[in-house]
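Inspection log for the structure reproduced underneath, given as structure tokens.
As written, the chains take the letters A, B, C, D, E and F, and residue 1 is the first residue of each chain.
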Amino acid sequence: MKYISEYRTPELVEKYLHELQKTVTRPWAIMEICGGQTHSLVKNGLLNLLPKEIQMIHGPGCPVCVTPLNLIDKAVYLAEEKGVILCSFGDMIRVPGSKRSLLEAKAAGADVRILYSPLEAVKIAQQNPDREVVFFAVGFETTAPANALSVLHARRLGLKNYSILASHVLVPPAIDAVMTDDDVRIQGVLAAGHVCTIMGIDEYYELSEKHEIPIVVTGFEPADLLQGILMTVRQLEEGKANLENQYSRVVKPEGNPEARKVIEQVFEVADREWRGIGTIPNSGWEVREELAAFDANRKFSVNIAKAPECADCIAGLVLKGIKKPYECSQFGKKCTPENPLGAPMVSSEGACAAYYHFAGVEVS
Amino acid sequence: MLLNCPMPQLDFDMITLGHGSGGILTNKLLASGVFELLKNPLLDTHHDGAVFELSGRLAFSTDSYVISPIFFPGGNIGELAINGTVNDLAMCGAMPRYLSLSFIIEEGLTMTEFWEILVSIKAATQRAGVQIVTGDTKVVEKGKGDKIFINTSGVGQVHPQAQISLQHVKPGDKIILSNNIATHGVAIMSVREGLDFETDIVSDTVNLNEAVKHILDEFGAHIHLLRDPTRGGVATVLNEIARDSHLGINLWQRNIPVLDDVAGACELLGLDPLYVANEGVFIAIVAADVADDVVELLRQYSFCGRAAVVGEVVAQHPRQVVLTSSIGGKRVVNMLVGEQLPRIC
Amino acid sequence: MCLAIPGKIQSVDYQYGGAVRMAKILFGGITKEASLDMVPHANVGDYVLVHVGVAISVVDEEEAQRTFQYLEEIGEIDELVEASQIDRQDL
Amino acid sequence: MLLNCPMPQLDFDMITLGHGSGGILTNKLLASGVFELLKNPLLDTHHDGAVFELSGRLAFSTDSYVISPIFFPGGNIGELAINGTVNDLAMCGAMPRYLSLSFIIEEGLTMTEFWEILVSIKAATQRAGVQIVTGDTKVVEKGKGDKIFINTSGVGQVHPQAQISLQHVKPGDKIILSNNIATHGVAIMSVREGLDFETDIVSDTVNLNEAVKHILDEFGAHIHLLRDPTRGGVATVLNEIARDSHLGINLWQRNIPVLDDVAGACELLGLDPLYVANEGVFIAIVAADVADDVVELLRQYSFCGRAAVVGEVVAQHPRQVVLTSSIGGKRVVNMLVGEQLPRIC
Amino acid sequence: MKYISEYRTPELVEKYLHELQKTVTRPWAIMEICGGQTHSLVKNGLLNLLPKEIQMIHGPGCPVCVTPLNLIDKAVYLAEEKGVILCSFGDMIRVPGSKRSLLEAKAAGADVRILYSPLEAVKIAQQNPDREVVFFAVGFETTAPANALSVLHARRLGLKNYSILASHVLVPPAIDAVMTDDDVRIQGVLAAGHVCTIMGIDEYYELSEKHEIPIVVTGFEPADLLQGILMTVRQLEEGKANLENQYSRVVKPEGNPEARKVIEQVFEVADREWRGIGTIPNSGWEVREELAAFDANRKFSVNIAKAPECADCIAGLVLKGIKKPYECSQFGKKCTPENPLGAPMVSSEGACAAYYHFAGVEVS
Amino acid sequence: MCLAIPGKIQSVDYQYGGAVRMAKILFGGITKEASLDMVPHANVGDYVLVHVGVAISVVDEEEAQRTFQYLEEIGEIDELVEASQIDRQDL
């Protein structure tokens, strides 16, 4: 596949690894923000190809992992108690809520559907005029245009039975929050390429300056990641702290103005809780007041008490890169991908799952 | 094989509860052409079972088929149910002989659909050289089933040269995949509500018994283990083998055959082909020195055209399957957790 | 997060009475529909990056070369830097 | 037989789709105690089928069990599934040996329910002296099944003296019912929504193989035909026999054993016991001169306590079953049409 | 069972048959009105025990058989198009409508439930407050109190989601209509015991006088039927045409006043179409205006065009005793119990089904 | 039509806040609930005729004997008639 396979050739990877090895002189801790990057590092076995000096820290960029417990409970409540058709991306439905996951709610009889796109949910609402359809609109900036578009489509169609349960988080405030934490010892950051595709790179100049770290907007293929890491390490070795764009074939500096317009129409910035991290000011999007009819939260006046997180789970520390998953007392014991105690173990993009799957490979 | 079996004229066009009640309607349904279509001298038409002579080492296997949709690109649940059990018997090193056929029909299934399934069943039994000798038909209320579920169980005679056993798997053995993986699962996903996409990909469902018999004829006890990686895919079956044999398995991603279209669909949906279901593929673990010959022999069969050695059994990292990625990285390949859900965000 | 895959636009059609542009997009042999709302200038033949049914960017063919050229570029740069350092040392 | 099998501690209390995906959860479900509970040297725990030695005349039978509710007075779907296939093999004159066991579970079934079913299965196999050697577990979405469906298929060895065949049925043969009829069907109806009533009636589900072996030991070729009148009841099975043998059958209502409570329930719901399903009853068509001895032998078994000669095979009215009512009237007994629906008004 | 088994002893039956044989001197045609009586005659093999001179004609007293095609179509419509929970007695659901039966509608996905009692339907309405529940209230006078009671219960419970699709027919006008037909050659009538249990026997004096025939209110057990036939034959042989009550253990001359009160509260007399016979004035009950909220016909403004009956079916002639089922060109050919063309073949109480099941028994 | 079966009242209880009398009724070993609304005077021990969940009549024990006595009765009547006919003939 064009624009994929070229970035996966062993030759290119080999060259980058060689250059990296040449470049690195001492240990560096680099956080890849995005779960998609984590997934690619793991899936391609890149982690054990990297020079020993480079330690990748898996960041909080997995929407599945940071969606608050309370919102999952709300989704379960809507599906179970309100009898709605609850539509969701596949990854979300296995995440444990305080009582059960959407998958378990489904098993117990709730109408939960796995979709590829929120636009499919609008079609389902059209086809089921006598049912309420709620899309569990999780995601980062990347997913926001699609979720927003679904609301605009539903409004255009005059649908009265479509709403979204929005759980949108914004990456820059999260990076800021993570980097501000005194315990954090991250020295470089791979910014999430697809987030920047929408939002552009402007906000990252500030971050890079404020925290005095190199930030490289990076893609997802092996060569992308290696190039991003190399660009970061080069800066680190040279003592620089600039913003660079590795993923320029997709990310324009100004982002995608059309997408931002659509987001603007539907969402407004709000404080937002990140699972495992806590509330970060101005780090999320909520449905605008004037579109309240499409906001499941308001439409169903869902009011679910906050449940406590699993006491043993140190997801917050893991997501900030302060602790490694294997430092968690439950890692691989009570907490496994088939029975996750915390969100980072659920998604194949989660930091704990990444370590779980990677664990035990002997480096040849 | 082209079957020309027009549906008989019937005075009902839909299957209802009464057709499963055991009474006139059940008899009528079966007499509508079902028995006629599937007939052979052993088929127990109204008795409680079939009686036949058979001797020696026998293999016995069962599977229920619950696929949705029941008609999918490249096949339907009927031929799947025949091929599936034929293949499970073949994986035991057996030559499949007699099958049972049991339907659980959700009321409302049309006779047209049922007939199409039956004709596929007939054709599949002919291809595999097996006979359906006993059967059962139940009808459940609407909303208590999913159009049709099929169970087939089968009895076969173990190939005289076969020595298929986990005990025979040893370090150094080569792992052969008989063909492209993930084709069936992706074909099914292409027609699932909410995920559907356009593609020419069709299920790879096929009976493997002929090819298996051929390698057993040629290589006998050098074939150490056979498994068909259906649900859970290649990753899960290899993990089971690693776990149960207490040995390690190395896999070489570069050698694993996947159709381009299938790879594309997996990218789009965020799926790993190693976990996607197959129907017409088997894994053979064979003595190292015959591996290439086995591959060569298999490639004579159109449905094994991309057979390849994709890994080996090792004493290292016992119970673990380790993949060397195309770019040379290594990772552990675990068993599938739960269902494989499309990964999107 | 944010799995997005590049695919080639095969055809474009209009829905919602012309208000919305949808495209059939080819991903290595399979075709799926996606909205072009966010990439109004994209056309048949272009490669777009698709995320959950929405095209979010047009892939820039020229920029796409940079990953292949980067090592040479930095080689050249390094040489330049080395050269300039030498120059500086020489000063 | 009392089984003491407490459910193991599990970290899931409900079966979900993932448990049928073939991956870790499937393995976990099976490893949860399922394999442990059912274990025997042949049970194929992770392979595709079982291999064993067996020779001679074999019987092979299959049935899917879709009963609702899955727990009913006197039993559950698990023991029903074992007894049913054991009995079908016995009706072929065979001694049941090996069973396959295949589940189709609707997601949401609790592990407690599943475990109770498994324990019943275990107990039933022990009573019948059979082994489960191969199995399958599928999970379907909520609303695509009905808690649990079970398929069992079985292989048995035909009794050396058995000459069970429709060909051997001839005018003058006596028709024996092994016990009270309609008990099972009425027990089920007593717990159906909209029809339910209070009763002590419990299903008669039981394995019949021991009693059958005994009469074959004693009377060999004098036993001409065996059938268990499950779905469709006695009326339907006798009609099939009359139709297929081209002979007539006379039935004497006065001799047909029915429990008083069962008769009462049939009156209330307007049902004819001849059409109601049985599980622990069989029909034996035997040479006239051994009929009374067969009855006497059968009555040694508690579950055949009311065995009786209830009719005879005749040359007259071929293909028809004619009942002489208790008051001496005659009527044709036809096959069940569709489902037996409660007749109310 | 007390009050059942005593009436089924061979000895008693034998005595009655003996007396009948002694009494009868020439052919008599007697109609048993009630399908329950027909069923009992067939099931007990009584028909071939009767003296040859006595010919039983199976009357129209099977509610399943006389419910108009149009009403079945309405029930199917409510179940399929309106998505109601359609509750019915078991016998009704196999009767063919013009397109399909309720059984087929159910197979195609409609929510059709078989109940023992209309009171169960009220429970279902209670348990499913968000669904409409309709009971298909067919029946003769016997069933009317139960159907009426269900409406009163529902009103008492304040249920807004319960209604009945009433199809109530009255026996005396039907007897009158049948006897008035010139082609009818019935000489005596066994009136339906359970109908009279509710309504009493007054109306039958008139009928007996008007048509100059003996009428005997008769029960359902073999001895009841034989006694009823004997009482009729004795009258016929003696040239009498009186009303007698064989079933006095259950039928009081005045009927059941409580039951009639309940019926009165819910129903009012109306003209009614009988399937196969046509419209008979004042031969049915409809839900009263003031209970329109419980009348499915009004509540859903069901308006289904009348479909033509199967052209070959001579059910009307059969139900009036003018033709025998075997005189129908389709009897046992295209029309069988598993594939009935007309209603009398569906119910085991129907005249055609009775003949079908009885056919072929050689009288020993 | 109108299948109705006699059963014996085992117990009575009130529903709908006392407005409705329901009974458990025994039919040869099985028990089913039925409304007593139409037989307000029926009590435990009585036999009632039940149709679709509603008791519609109390069985009259005395009248129930008549079917067994009828043949004797008509025998007697016939004798009387014969006697009277003889009488008449004699006249």
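Of note:
One rule holds in what follows: a contact is a pair of C-beta atoms (placed from the backbone, for glycine too) under 8 Å apart; a residue touches a chain by one contact, two chains touch by 3 or more.
Note that this is a predicted model, so its numbers are computed, not measured.
In terms of the stated touch criterion, the partners common to chain A and chain D are B, listed by label. Fewest steps needed to get from chain A to chain E, stepping only to touching chains, is 2. Between B-E and A-C, more contacting C-beta pairs join the chains of A-C. Chain centres here are means of the Cα atoms, and by that rule the chain farthest away from chain E is C.
When you average the Cα atoms of each chain and compare centres, the chain farthest from chain F turns out to be C.
With centres set at the average Cα position, the gap from chain E to chain F is 21 Å. Chain D and chain F have Cα centroids separated by 40 Å. Between the Cα centres of chain A and chain B there is a gap of 37 Å. Residue positions of chain B touching 2 or more other chains: 16-18, 24-25, 141, 143, 260, 263-264, 267, 334, 337-338, 343-345.
Among the residues of chain A, those in touch with two or more other chains are 1, 4, 63-64, 89, 103, 116, 120, 139-140, 142-143, 337-338, 349. In chain C, the residues touching two or more other chains are 1-3, 5, 27-28, 32, 51-52.
Pairs of chains that satisfy the touch definition comprise A-B, A-C, A-D, B-C, B-D, B-E, D-E, D-F, E-F. Partner chain E is touched in their complex by these residues of chain F: 1-6, 8, 16, 19-20, 27-28, 35, 37-40, 47, 49, 51-54, 56-57, 59-61, 63-64, 66-68, 70-71, 74. Residues of chain E touching chain B in their complex: 103-104, 106-110, 337-339. In the complex of the two chains, the chain A residues touching chain C come out as 1-4, 6-7, 12, 15-16, 19, 34-36, 61-64, 89, 116-120, 139-140, 142-143, 145-146, 149, 153, 156-157, 192, 194-195, 197-198, 223-224, 227, 230, 234, 246, 248-252, 256, 258-259, 262, 349. Interface residues of chain F, counted against chain D in their complex, comprise 1-3, 5, 7, 24, 27-32, 50-52. Across the interface of their complex, chain D is touched by residues 16-27, 44, 46-66, 68, 87-89, 91-94, 98, 100-104, 133-136, 138, 140-141, 143-146, 149, 151, 153-155, 158, 166, 227-228, 230-233, 236, 240, 244, 275, 277, 334-340 of chain B.
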